[in-house]
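Naming follows writing order (A, B, C and D), and every chain is counted from residue 1.
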Amino acid sequence: MRPFLSHPFDDDKLKEECGVFGVIGVADAANFVALGLHALQHRGQEAGGIVSYDPEQGFNSARRFGYVRDNFTKADVMDTLPGELAIGHVRYSTAGSKGATAIRDVQPFFGEFSMGGAAIAHNGNLTNAAALRRELIERGSIFQSSSDSECIIHLMARSIQKTIPERIKDALRRVEGAFSVVAMTRTKLIGVRDPLGVRPLVLGRIGDHGWALSSETCGLDIIGADFIREIDPGEMVVIENNKVDSFRPFSPAKSRFCIFEHVYFSRPDSILGGRSVYETRRQIGVELAREAPVEADLVCPVPDSGTPAAIGFAAESGIPFGLGITRNQYMGRTFIEPTEQIRNMGVRLKLNVNRALIKGKRVILVDDSVVRGTTSRKIKDMILDAGAAEVHFRIASPPTAWPCFYGVDTPERSKLLAATMSEDEMRDWIGVDSLKFISLDGLYRAAGEAAGRDAANPRYCDACFSGDYPVAPSDKIEEGFQMKAAE
Amino acid sequence: MRPFLSHPFDDDKLKEECGVFGVIGVADAANFVALGLHALQHRGQEAGGIVSYDPEQGFNSARRFGYVRDNFTKADVMDTLPGELAIGHVRYSTAGSKGATAIRDVQPFFGEFSMGGAAIAHNGNLTNAAALRRELIERGSIFQSSSDSECIIHLMARSIQKTIPERIKDALRRVEGAFSVVAMTRTKLIGVRDPLGVRPLVLGRIGDHGWALSSETCGLDIIGADFIREIDPGEMVVIENNKVDSFRPFSPAKSRFCIFEHVYFSRPDSILGGRSVYETRRQIGVELAREAPVEADLVCPVPDSGTPAAIGFAAESGIPFGLGITRNQYMGRTFIEPTEQIRNMGVRLKLNVNRALIKGKRVILVDDSVVRGTTSRKIKDMILDAGAAEVHFRIASPPTAWPCFYGVDTPERSKLLAATMSEDEMRDWIGVDSLKFISLDGLYRAAGEAAGRDAANPRYCDACFSGDYPVAPSDKIEEGFQMKAAE
Amino acid sequence: MRPFLSHPFDDDKLKEECGVFGVIGVADAANFVALGLHALQHRGQEAGGIVSYDPEQGFNSARRFGYVRDNFTKADVMDTLPGELAIGHVRYSTAGSKGATAIRDVQPFFGEFSMGGAAIAHNGNLTNAAALRRELIERGSIFQSSSDSECIIHLMARSIQKTIPERIKDALRRVEGAFSVVAMTRTKLIGVRDPLGVRPLVLGRIGDHGWALSSETCGLDIIGADFIREIDPGEMVVIENNKVDSFRPFSPAKSRFCIFEHVYFSRPDSILGGRSVYETRRQIGVELAREAPVEADLVCPVPDSGTPAAIGFAAESGIPFGLGITRNQYMGRTFIEPTEQIRNMGVRLKLNVNRALIKGKRVILVDDSVVRGTTSRKIKDMILDAGAAEVHFRIASPPTAWPCFYGVDTPERSKLLAATMSEDEMRDWIGVDSLKFISLDGLYRAAGEAAGRDAANPRYCDACFSGDYPVAPSDKIEEGFQMKAAE
Amino acid sequence: MRPFLSHPFDDDKLKEECGVFGVIGVADAANFVALGLHALQHRGQEAGGIVSYDPEQGFNSARRFGYVRDNFTKADVMDTLPGELAIGHVRYSTAGSKGATAIRDVQPFFGEFSMGGAAIAHNGNLTNAAALRRELIERGSIFQSSSDSECIIHLMARSIQKTIPERIKDALRRVEGAFSVVAMTRTKLIGVRDPLGVRPLVLGRIGDHGWALSSETCGLDIIGADFIREIDPGEMVVIENNKVDSFRPFSPAKSRFCIFEHVYFSRPDSILGGRSVYETRRQIGVELAREAPVEADLVCPVPDSGTPAAIGFAAESGIPFGLGITRNQYMGRTFIEPTEQIRNMGVRLKLNVNRALIKGKRVILVDDSVVRGTTSRKIKDMILDAGAAEVHFRIASPPTAWPCFYGVDTPERSKLLAATMSEDEMRDWIGVDSLKFISLDGLYRAAGEAAGRDAANPRYCDACFSGDYPVAPSDKIEEGFQMKAAE
């Protein structure tokens, strides 16, 4: 058997682990959920699932590996998901089950309780899931998946509350970490955000009778729903009979929205925390051009996420903007590798350089982040190979030096380039003429905080840059993770 | 059964019908062909096929509907295609068999002759295929497909020449129209371009022993092959034993390369006729900004093909460039439509508007072409709906007023907006503040002809704009097509 | 959509609901399990599952709808089931989930406990499962299936015993009804039969180090294992390190093996309760010929299960034996029905009559049982249509007048022909010249009880004939089922 | 990859290569054809195909590997085959393409001629196909398959006749060998048998307007059609507008129906040449008991084809008949072999011995034929292993000493046991107490020729037993096959 060639660059990105979507009050709700999940596909591409409820057909579910477009667009699947109430989930594999994700790990999770069934879908990560799981198994719960999110439904099953919304509150008060949850009973659509509001969740309206919950506003746009508002950090909404009730089941806390959602995870056409993601990214480019100017002939984005920052950089610096790297829009998972010899010749499955544009030029490459740095080296090679005179990297985020424990798939700390090297060392290791990251203050300015980061009371969760974790990662600490020493 | 929602915009583009690729002299040649076809996927997304030859296993073939990445990446398919010699093809359905394409219509076609087998793959369209087919059937040939390209292999079977290259010459001298052909015998890889060179075909080198033929240079880039040269219009190359022989089987003619390859069909990172496609497109934007300037706040491309022209327009005009329309990168074929009601609310499967960017602005939209005009209306609606103050369309090609008979899937003439309306009428029908197409001379200037179009001796085939058909479409004329009256 | 034609006769048979198989101590144990399940396929054709354990790969499972031969013969499935320990299950749908069986209902069931994982597969039916399920859900267990057998694994999860075998004992002491269970931990293969031993379970030896548990001896034969002995009613065996330990976890009881296993369910080449199934069936034919002789020209079995009894009837009566009805050996599930008109002409998908043999003859048809009687009518029509002079039915079991609650899929009582008609009424309703069932005493004699049935202390469970239920069906009584009045 | 275990016995049977079926004059004709092919599945299990014609939808075809029941029972396939006229084919691979059959080799074959399309399906084998194929390729025909039957459609394409029936006559006059052909145009169903009538073909009537052609009468029974008559050797029938016209396109010849159809190929419930196949087989048993009696305790058929002869042998000899060998009715293609060690222990996938019945008995095994003899050895081992006191083989056909060239898949002559050994040598090689074949005269008597075989003018083709080939196998002679020397 010939070996397979994985995507050269995909393992060098932080990956959002999930997107959630729910709809109530419209016929064929599952079709809306499929559309919403399709718009959220960038948040999780490994698998997806939908649960729907119909008074006559009861609860139904479908869970599939692969893209929404390939699974939840066929009548033979969608016809099994009738009803006016449905929720769904798209996911990457979590670190724990890498390469061994079974279909039983695919959410939403479903439980039959004495007062009826309920399904939940979870975006985020629970920092005390391992301890909870141990305790639940000892008390007789049988886990069906390797997913930590399954704890929530078992906690609900063991709650002595009489209604499912109350059981959800009970359960979520026991968990720690980041969670945006969408849940459903036979009559209610429910949405909850953790007290810090690390992951996004928004509310939309579909016509006169329908409502939607979505990780991002782009999920509302695709179905023509109106964006009503964000679910607040620490808020729980229960939607039933065309009415939205709001609860605050948790102790109040200062919100700490994930700043990396603005940098990379979210779609540029989404509005998060009242700000346009596209505009934040473009503004990062403007800040970068001010913080780290350089003489050059071309500002070229690393596709696709670097594009808005590159536009901002070009506008601020006056250097022409051009698409020097072309992305293959038909990219799929893997290709069989031709031969060993060819691998070393540099197969370019995903990206191709526009040689005619690059040749002889001093090129500024704008990328969103540097994780392991391996991608940056390969792109530099491609650009030099095409005849560039100079290569300057400008990175639209500060150095990523700490792992995320709130729902993002990060390499362990020792694999993060910025955890082991200074900016100059990184520049030399990548092999470019210059390398500059935006400062943390610059990033905050681009994200709307004119004064930069308030160290005493930062508006965002920026633990991946700062090591300042707003929720202690207790499972990880038990496993031996070393927090940043107090300064 | 609920109805399906087709892509709102896909039926409003001209579609290239084919891409061809061939490799000789490297182990597992079919894997290289798969990669090459993947890079050429934009030329045909409906189906693909590969034929390979191995001295022990003989000729083998695999033909599949769908993307290359989904079919020709699996060991169970690729292991059936051994050998150091392989050719492949990607295709759209032709007008004739719309909606009824059978797998037997998927190329390459294969024939067993008394001197051995041969396979051919064809990009282009034969304008006398119907007449040839009638004649061949009357003489006892059995067609296996509804594809006109099958005529070539039957003409070869009936040739009295002793070698397959000579039979190919015999066959191609009988056909009329546009063809870039890649063919193979047990030992030879063969490439031919029609005398006018309407469709592209390029030659590349893989390491020391291998050779490749590809519709575009981007197919060479993906496998790390070096671009050697274009196959000349009217040239036939025969590659065997690491040697390339060149023949001129046809009467000499002035070349007429398809100018629409530059405008839309080809990938921006390809080099065609010695020119960078990206640069031609950017230059079209520059020309447009000169020919049809307008006061505005934002230059916004219609993704993705309008982007280089929009960059050029912005640079020339000094108006800021911004991504006001976001394309869903996970787009697939079809989604089940939620309900009738929702369809009218404007489901946005493929494109979404960045409202924050558009709102209140005077927007210049740069698109590559207008075919039926239906897409332009929808995009205008989306932009206005997002709060734009003004909408100005700038089109990177002249009005498309005539169908193509040389391998492009065009609506019949009466469906082409420009065939029935003036520019002003089109503007009003689309409902925008202004609409301007680049002039034919402007397009020629952008494509490197400083003097514009030489009407007596045009360098390109521009029949879709001018009605000036370099090869008479004899089958179509027999069916009743009216050529443009001599002026 | 044209309607589908179901098999004309399949809904008129009692159906065994399950077969179980387990193997320990041989490489690639799952392959042995697949073979064993294949030999037990007659006990359940809807779906099958296998769980295996390997020290490096942990527990793995595969569950599929359809035949063993179509699912558990492919390397891509079997390679995912490594290890020297495996159990498996084949099943019909249970009455409760008819037509809605989900893959999650397919056994074995698996649970992760604090002392490690365990899997179980269950043949039989629990008569108090509904009550147990209600109780478990109220206490916080989450059921993943609609299968009553899942209760066992949840009872195990809630046991406070320290080892899995002890937890199995705990759990099985809570359930009522019929069960032959095969279970596994990381190191042990476990087999248990209920105190009455209603369903079979046998122990076999594979070479010097391996052991197998199988519902029937034919499962041992297929893998070349030696039949060691039956598991006793009320016995639990635990096999580990090539050693078999025996336990008696239940209160002692008189055994009541299902007599219908001899009549129809089991394979004729199996040995059950020390008796050859084939010989019992042949002897039933001998008894029938004595109890209900008739003058005729041909003894013809209704294929395939009536054949041994027909051989016995022919031998005892001296009337020639002949295959008057041919069974299509390639029969599958369903064929699309040609037209309404044709259905009434008598499509013969499954059986065909050998007209040349039947014509003009007085025919004795020997069948195993009469359930609804619809099949008997159709077969009578076929035989008369072929020109038989007389048709006499002889049935190798007493009238089936009561449903089974111990693991057999029986129609509700009102659908059983013998529950509503006398023998003469049945004869007239079916429309044959004579119809005779073997007596209950005759059946016991054929099954080795020379004195016939001891009413005070019957050796077998014969509730389907006698209404004498050895375990009260408590769930059904709660639903309203009326037991036979005491006489 | 672990090796696969093929069926232990399947490679030791002669295999019929094809069955054909056609229907005209009923709605959804393809559904009838599917049913007919299902009844003919024993004639070819590798693949099947159906072509239908509908005035609006034109010709449509579907070809699939595997059983009819698995492919031509699904709405998504059958809905693509509309119309009142359809033909179909089931096939084994031919010797030439063993293991490499492509879907393009699956019949019916289709050709578009100037007067319209036609499809044909062929049962039999052409003895001059290789020469014809060479000639056709030299003249410019392109073969799409490796099947010799494709010659017929190319000969039709090159005929200068004006109608398709006339072109079929032209084509079939050029071929030699055995053929029963079913063909269709847009309005006609056509059936032809070769002058010797080697393969069967029968005509049936469906209601008042429909007609069917089938290889055997069992294909008529399944759809409830009435058997009208056999197509005569050398006859061509053309059915159109509910009218059957008969033609005699060939020179008259004495008929030579294949006697092995009676011995093994055909289904026992079919009527061939006016005789019941079942009755012929039973009578073979009677003759065998007379020719080769032996003292014993049990007559046991080798399932399934030996059963009727065993019934006849038991009746004639007075020795009890019993089912000592059980066949697994769920047998599929292949199972992964557990381990090398197990293979040698005797995995019994297909057959199992009923030990309780065999033990201590003198057993007469009745089988239909001996080809390589490997099966006979294995069955002998199974029977002895079960404790039989003596084993006597009685074979329901004479020694198979010559290959068939008329449509049966036979090993080459050197692999036929009877070609290299005397009866006594075979007995010793197989290792049984006695081995007797029926004589050729005895076989003819059982097949209705009271006087035995008339050597000067035999009624049947018995070349596999006698080496007397009624049509010279010209392709094979060219390859070096030695005919039997004149005596």
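Simple rule for what comes next: a residue touches a chain if its C-beta (ideal position, glycine included) is under 8 Å from a C-beta of that chain, and two chains touch if they have at least 3 such contacts.
This structure is a prediction, so every number in the text was calculated from the model and none was measured.
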Original post:
B-D or C-D: which has the larger count of contacting C-beta pairs?
Top reply: C-D
**OP:** Between subunit C and subunit D, tell me the centre distance in angstrom, where each centre is the average of that chain's C-alpha atoms.
**Re:** 36
Original post:
How big is the gap, in whole Å, between where the Cα atoms of subunit B centre and where those of subunit D centre?
Top reply: 51
Subject >> subunit C residues counted as touching two or more neighbouring chains >> reply: none
Subject >> Touching chain combinations (by label order) >> reply: A-B, A-C, B-D, C-D
Subject >> subunit C-facing residues of subunit A, complex >> reply: 111-114, 134, 137-144, 153-154, 157-158
Subject >> subunit B residues within the subunit A interface of the complex >> reply: 1-2, 26-28, 31-32, 34-35, 38-39, 41-42, 45, 67-70, 73-75, 78, 207, 218, 221-224, 267-269, 271, 276, 278-279, 282, 304, 307-308, 311, 315, 320-323, 326, 328-339, 341-342, 345-349, 352-357
